Amino acid sequence: MPTHEPATLVVLDLVGIFVFAISGALVAVRKELDVFGVIVLAMCTGLGGGFLRDVLIGATPPAALADWRYLLVPVGAGLITFWYHPTLGRMERTMLVVDALGLALFSPAGALKAVDFGLGFLPATLMGMVTGVGGGIIRDVLAGRVPLVLRPGILYAIPATAGSAVAVLGLKLGYHNLPVTLAGAIVVAVWRLLAIWRHWQAPAPQGPASV
Amino acid sequence: MPTHEPATLVVLDLVGIFVFAISGALVAVRKELDVFGVIVLAMCTGLGGGFLRDVLIGATPPAALADWRYLLVPVGAGLITFWYHPTLGRMERTMLVVDALGLALFSPAGALKAVDFGLGFLPATLMGMVTGVGGGIIRDVLAGRVPLVLRPGILYAIPATAGSAVAVLGLKLGYHNLPVTLAGAIVVAVWRLLAIWRHWQAPAPQGPASV
Amino acid sequence: MPTHEPATLVVLDLVGIFVFAISGALVAVRKELDVFGVIVLAMCTGLGGGFLRDVLIGATPPAALADWRYLLVPVGAGLITFWYHPTLGRMERTMLVVDALGLALFSPAGALKAVDFGLGFLPATLMGMVTGVGGGIIRDVLAGRVPLVLRPGILYAIPATAGSAVAVLGLKLGYHNLPVTLAGAIVVAVWRLLAIWRHWQAPAPQGPASV
């Protein structure tokens, strides 16, 4: 949720929050929560990753608490899902693609904000990953399930981490904010979309687990 | 957990923490946790909402970490519940009413503290809601259940949000801290008590959820 | 995760993070998460307690985000567990003992860092306990189970709290950082190891819980 970026990026950022928020609201509908539960899961999913990052790097209050658009967008996404969830639920494939674009925007931008606050390569990359997947983790914890991103069957966090690393590396090499954000976003989007298309998965542990 | 308020409000604040802490400790007893689990759930429920707000608005360390009474009150509530939980469990109706008064005190005061830290109308109202319901959400996540406040069958967070909005609006219109806190608290308490009495619920989504 | 300590303590600190991280990774393997889930649970368990403390006392960004060794150690622990979990799972007894030593190092040192940031006796002791048990709580919440430390059958948090109290008290009485850390660590380690050996448990509530 960076604020010091060109208007285009703010719009893209709000689109990302909107899509993440809809994914949270759909989980709330499936879990049979009420309208307040739907809105809370929408806000946590849309804004939670950025909040986690900002609290960890000391950028408080988070940018989303200083700009009412960042609050109204997930509330709107929650209400739209509350009313039109049967339609949205049928658009799962489209949602997956837009979600991949949201992840592509969030992660590298989140990593660069961490660099702004003095973090090195590895911690900033980690913060980019947190920005991208943190909202979904909060969503799943509140919905009472093991976070989707930690379970086998989906390649999600590794592209987010790779794209964040690309963006931070580019910045440390002296390139400007905008091109390295775009380069990182392209890495995330292409890798994530290929993973959806080809059903790539992260490896799971082999052998029986001890009890 | 504001500290710069008159002694009466500090006492009421501690009463609110005490009641919230008992609700957390009762959940711990039901979940068959040990004495440490009971105390931790008491502390998280009594102090968690204020901690979440303070961490998000950058008011760290939270006031409760600078004043030992704010720590001893929930510990005491936990120990009392540990020993006398059968009696407390039978006072459910009384507990609901006192809990409504706790919510009435916490939410508007929490919203006004966010204004003190520079937040605008919408974010400060959100922080008031977080102050009121955050502790219960942490309690339920630690107890391994979907937060009560997100599930149908209870009108809880909407009164807290409305009362927070009234308090922040009053302050922005130039009224003093004390009258707007009271006005907000009355909105929360009346609405919440009516909801308990008349079994009001927040609306739930209509139609089958997609899977 | 203090940084202003002698090299010996940094090494011991990293050992503690390593052992905690392995306990998180083993839970992830049992829950059949993928490689990313294993690494995330390793990081959250190894670093989460210190992160919680640092966010609460306002020491952001946490020290672990300023020193890449603190990130690489839990990632390494996660990967080792990913590959060799059958062997590690069989070393449960050894792991319990090393975990007790990790707890002994983390809790008093965490409490003293809170004193550095201006906290009094009671809040600093609480922060020591949070440093010691916070990572395991985050691990269990992400793995979808009620935190082990809150459930009967294990005496874990009370030794951590006692050792933190000893360290803070010693410091307030004018002793130096190193001896009071050691005194606190010895209290935690001895009490915890005796609890493992003699199967000590914290008391659980008596009588039927109300529903």
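Order of writing sets the chain letters: A, B and C. Residues in each chain are counted from 1.
The definition used in the following text is that a residue touches a chain if its C-beta (ideal position, glycine included) is under 8 Å from a C-beta of that chain, and two chains touch if they have at least 3 such contacts.
For clarity, every value in this text was computed on a predicted model and none was experimentally measured.
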{"item": "Same-site or different-site touching of chain B by its copy chain C, using the half cut", "value": "different"}
{"item": "Degree value of the rotation bringing chain A onto chain C, based on Cα positions, nearest 5", "value": "120"}
{"item": "Cα-centroid distance, chain B relative to chain C, in whole angstrom", "value": "29"}
{"item": "Contacts with 2+ other chains: residues of chain B", "value": "55, 60, 141, 144"}
{"item": "Chain A-touching residues of chain C, taken from the complex the two chains share", "value": "26, 28-38, 40-41, 51, 55, 60-62, 64-66, 68, 71-72, 82, 85-86, 88-90, 92, 141-144"}
{"item": "Residue ranges of chain A touching chain C (in the complex, touch as defined)", "value": "55-58, 60, 117-123, 126-127, 137, 141, 144-147, 149-153, 157-158, 201-205, 207-211"}
